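The same chain A turns up in both complexes below, where it pairs with chain B and then with chain C.
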Partner chain A sequence: MTLLSVQDLTVTFRTRGGPVSRPVDGASLDLERGELLALVGESGCGKTTLALSLLRLIPEPPGRIDPSGRITFDGADLLRLSPAELRPVRGGGIALIFQDPGSSLNPVLTIGAQVVEVVRAHTTLDRRAARARARGLLASVGVGDAEYRLDQYPHQLSGGLRQRAMIAMALAGNPRVLIADEPTTALDVTVQAQILDLLADLKRRLGLAILFITHDLSLAAGVADRVAVMYAGRVVEQAPAARLFAAPSHPYTAALLAAIPRVDRPARRLSVIPGQPPPATDWPRGCRFRPRCRYAWARCADEPPLQEAGPDHQARCWLINEPERRGP
Partner chain B sequence: MMTRRVRLALALVTGLYLVAMLAPLLAPYDPAAQLDLLGGRLLGPSLAHPLGTDSYSRDVLSRLLYGARLSLWIAALAVLLAVTLGTAVGLAAGLAGGWVDALLMRGVDAALAIPRVFLLIVVLALWNQGGVVALVLVLGVTGWFGTSRLVRAEVQSLRRRDFVLAARALGLPGGRIALRHVLPNVAAPIIVTAALGVGNTVLLEAALSFLGIGVRPPLPSWGDMIEEGQAFLATAPWQAIVPGLAVVGTVMAFSLLGDALRDAWDPRTQ
Partner chain C sequence: MSTERLLEIEQLVKGFPLPAAPFRAPLRLLAVDHVSLFVHRGETLALVGESGSGKTTLGRCALRLIEPDAGTVHFAGLNLLALRGEALRRLRRRAQMVFQDATLSLNPRMRVGRAVGEPIEMHQVARGAAARERAVALLQEVGLDPAQAECYPHQLSGGQRQRVGIARALSVDPEFLVLDEPVSSLDVSIGAQVLNLLADLQERRGLTYLLIAHDLAVVRHLATRVAVMYLGRLVESAPADPLYRKPLHPYTASLLAAAPVPDPAAGPPRAVIAGEPSSMARPVRGCPFYPRCPHPAKDTRCKEETPDLREVETGRWAACHYANDPFLAAPTP
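For the complex of A and B:
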């Protein structure tokens, strides 16, 4: 059942005197109850803007979320809520964690103070009860010696512990959706794996739906139930993880997969996608991947719709209609 | 955080306030008592009067101590008022942005265009029955413009920081984010300006009292003592020099504190 549904989300940024940028341009996406959906794309494709827009956290102005889009959570259109109605959704319905736990924790407050604060913003617990809950939260995200950690400052914790503390903060309002924006990018590889395990564990244990945003398809492969691939402000393909990796339908997804170095194959030159990602001020006309696509032909001057490429699998590509062009 | 200079400056400032608060115990005489109008005027330093007496035969040391009490409390309260106002306005402007920010900051620009001393002279000359309360209010209300600019600039960079975004993303109320997440991160520069501000305000209050519109006789004040003493510079120079040195020493103690705190807290000066 769909918990969070994004339909045709468009976000524009107006720069003074400059061109209007559209980092998210007609993106659609559904997050099901209790699933881990990975949103994958390269830098500048609009992933983070999309994540922030879900809770209306982009600065407005200069940013603007086009009112023709819809973000439906639990029956309410988040784009039409008043600020007072939106506040309990933030942290209480949908929580967000960021890339660098070092900068997303307040340096002058203890871990405990920060977790307690979120607990108290979303419950009626008194100080003592909130502290007990904060201790429980820290323990539940794998922070050992939680009582001691409560009184420590962020700079006294390692990167991995900080991200765990940040996750504890995010869980403090009992959200049903956790948006994790590149939560492991700032961490060591071993710690990265632990945090991914933690996210998978939270999904199972709490039935949390997780939107996991990453530029790294191989990370998505490890934990995701479904994967959505974003390119140039749009979702170009989405499918169950196993299917997406086995049979990518969009040439962009296929090219990304081909660019992952493999340890189980003989070494060869890494394949790269030619060209640069387009700038958000000037998306290509027609199919946005056309200038970099090896299969592009005349029909790609018209933008393909998101169409069925298989069971629960959609992609924006004309190759679905003319599979023979994919060639041998 | 606690460098040797900070400790030294804190000790000096604490010492000043202790002396000021204990003035009634330390002062050998009533500062207003005219002890001996016939033979006790303009006496030089002696055991009975360590700093001599003035032209009304009042004990200079007693007046100096009571003057310290008044000067230091006026300065502290005025700066407290100024810093509170400046922080509130700076926080509001920096967090709200947009037209609120523009309105507040253009107001501050306009206020800063008026020379503060002239403004003070005009207001205090018109409000001449206000006494010490008026002095504190007027010094406070005219003293917050610089602080508000400083706080606004800091807040503008802070509000783009991830932890403020994270606090918003997790549903904390705006007021709480302002007071608990943004404000403590601006505390260091605020405390530095406050320390420097107290020194400046002591100087300003002395200047106003010297002109006769600050602390008014018979209340003892350093500025007034200098003013009275200047007539006797040739015959009894300690009359003006003693309170003058007191002002200089106090201002230096606060400047030292402000500078030491800034050096200790500001990573750019290390």
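For the complex of A and C:
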């Protein structure tokens, strides 16, 4: 069952005297109850702007969420809620963690003070009870010696522990959705594996639905139930993880997969995608991947709609109707 | 590839002073702790490790961009640490560095054509119009348009800036390049282009690379041999293929198990070791990896006695008492 649904979301940024930027331009996706959906894309594809827009966290102005879009959570359209109505959703319904826990934590407050603050914002607990709850939250996300950690400052914690503290704060309001924006990018690979374990565990244990935003298709392969691939402000393909990696339907997904260096498959030459991603101020006309696509033909001058490419699998590409063009 | 050792580092030590606590003796952080390694002419030695392993410090010592505290560095038979003045300058022409973030390593107020031409004039390879011509030819060699010589760094994309960084390193016709995380700040589709460029340049110019990287997948595409560092120590070195097939050190095995693979059937990255590398937590005695080691055989010997790097099989070195019976991460259930 769909818990969080994004339909035709468009976000624009107006810069003084400069061109209008449209980092998210007609993006749609559904997050199901209790699933881990990976939103994958390269820098500048709009994935972080999309995540921030879900809780209306982009600064308006200069940003603007186009009112024609819809973000439905728990029966309410988040784009039409008043600030007072939105407040309990932030952290209570949907919580957010970021890439760099070092810059999201307050360096002059102890971990305890910061977790307690969030606990008290979401409950009526007194200070002592909130501290006990904070300790429990830290322990539940694998912070050993939680009582001791409560009195430490962020700089005294390693990167992995800081990210665990951020996750504990995100869980303080008992959210049903966790948006994790590149939560492991700043971490070492062995620590990354630990945090991925933790997210999988939270999904199982708390039935949390997770929107996992990453630039790394390899990570998505390991943890996601479903994967949505974003390019130039739109979701260009989505499918269950097993299917997306076995039979990618969009040429961008296929090309990105082929360009990933792999530990399990050495090759002196990697396959590449020519050119570079377009800027958000000037998305290409027609299919946005057309200038870089090896299969592009006349039809691609028109923008393809998101269409069925298989069971629970959609992609924005005309090749779905003319598979023979893909060649043998 | 020859068996000539173009670069040979022996027992290299480099420490940095830590902020001193009042009434305590000042401490030094041993970023590189008695590391020995060599690079054959024409090959790529990859230096792999997590943050704080000392790989970047070692790379800088290898070019004497920073002065090591002890040990020796020989380049093409010359004792690099004994060279002074003009002799050192001449050697610097032969060994250059490509930095991780070209945005930070290029002068924002210098057109990229001049950035590439500057070392050409400085090392008196060519002057004036000849130097400019050479700079443009280099930009073309790394896949840029000659017209882009007139651009400032901010007018280029990240991938293009990294190409400029490579052209600048190549401008004095070196034999040897230290590549410090050359693609880690780039997107996948752009990183693949740069990795292919580095492979092409190596073949065309017969270059020798010391590739510093944290990403085992990136390393796999370029490396002839791999050296793994942990908290300042070299823990394993081996030719690339056998190392990826059967790592001998439990830390290498843990790194490989944690490396994500773009195939859902391969399962998620596996956290076979807990905790994080911390130079503060590094034991004074015994194996530096002891606190995190997943090897079932680890015992008091590991706790007491620092294992030396030893040749376990021909060409394969590991610093583990149990390297003959290596730890293998269990396959995904």
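Operating definition for what follows: the second predicted complex is superposed on the first by the 327 of 328 C-alpha atoms of A that agree within 3 Å, B and C clash if a C-alpha of one lies under 4 Å from a C-alpha of the other, contacts with A are read in each partner's own complex, and residues count from 1 in each chain.
Just so we're on the same page, contacts are C-beta pairs under 8 Å (C-beta built on N, C-alpha and C of every residue); 3 or more make two chains touch, one makes a residue touch a chain.
The structure displayed is predicted, hence computed values, not measured ones.
Engineer: Judging by the criteria at the top, classify the pair chain B and chain C on chain A as clash or fit.
Structural biologist: fit
Engineer: In the superposed arrangement, does A:Pro277 touch chain B (first), chain C (second), both or neither?
Structural biologist: second
Engineer: I'd like to know which partner A:Ala247 touches here: chain B for first, chain C for second, both or neither.
Structural biologist: Neither partner.
Engineer: Does chain A have more residues touched by chain B or by chain C?
Structural biologist: C
Engineer: Once the shared chain is lined up, is A:Asn106 touching chain B (first), chain C (second), both, or neither of them?
Structural biologist: first
Engineer: Between the centres of chain B and chain C, viewed from chain A's Cα centre, what angle do you get? Round it to the nearest 10 degrees, please.
Structural biologist: 80
Engineer: Mind working out whether A:Val20 is in touch with chain B, chain C, both or neither, as first, second, both or neither?
Structural biologist: neither
Engineer: Just chain B (first), just chain C (second), both, or neither: which does A:Ala301 touch?
Structural biologist: After superposition on chain A, A:Ala301 lies in contact with neither partner.
Engineer: Where does A:Gly173 make contact in the superposed view: on chain B (first), on chain C (second), on both, or on neither?
Structural biologist: The first partner, chain B, only.
Engineer: If you've got the overlay open, could you tell me the nearest Cα approach between chain B and chain C in whole angstrom?
Structural biologist: Result, nearest C-alpha distance in the overlay: 12 Å.
Engineer: Contact residues on chain A for chain C in the complex?
Structural biologist: Where chain A meets chain C, its residues are 42-43, 158-161, 188-194, 196-197, 200, 215-219, 221-224, 241-242, 245, 255-257, 259-264, 266-273, 276-277.
Engineer: Chain A touches which residues of chain B in the complex?
Structural biologist: Touching chain A from chain B are residues 161-163, 165-173, 176, 180-181, 184-185, 187.
Engineer: Would you mind writing out the residues of chain C in touch with chain A in their complex?
Structural biologist: Spelled out, the residues of chain C in touch with chain A are 50-51, 157, 159, 187-193, 195-196, 199, 214-218, 220-221, 240-241, 244, 254-274, 276-278.
Engineer: Using the touch definition up top, name the residues of chain A that touch chain B in the complex.
Structural biologist: Checking each residue of chain A against chain B gives 52, 55, 57, 87-92, 95-98, 100, 103-109, 117-118, 121-122, 166, 169-170, 172-173.
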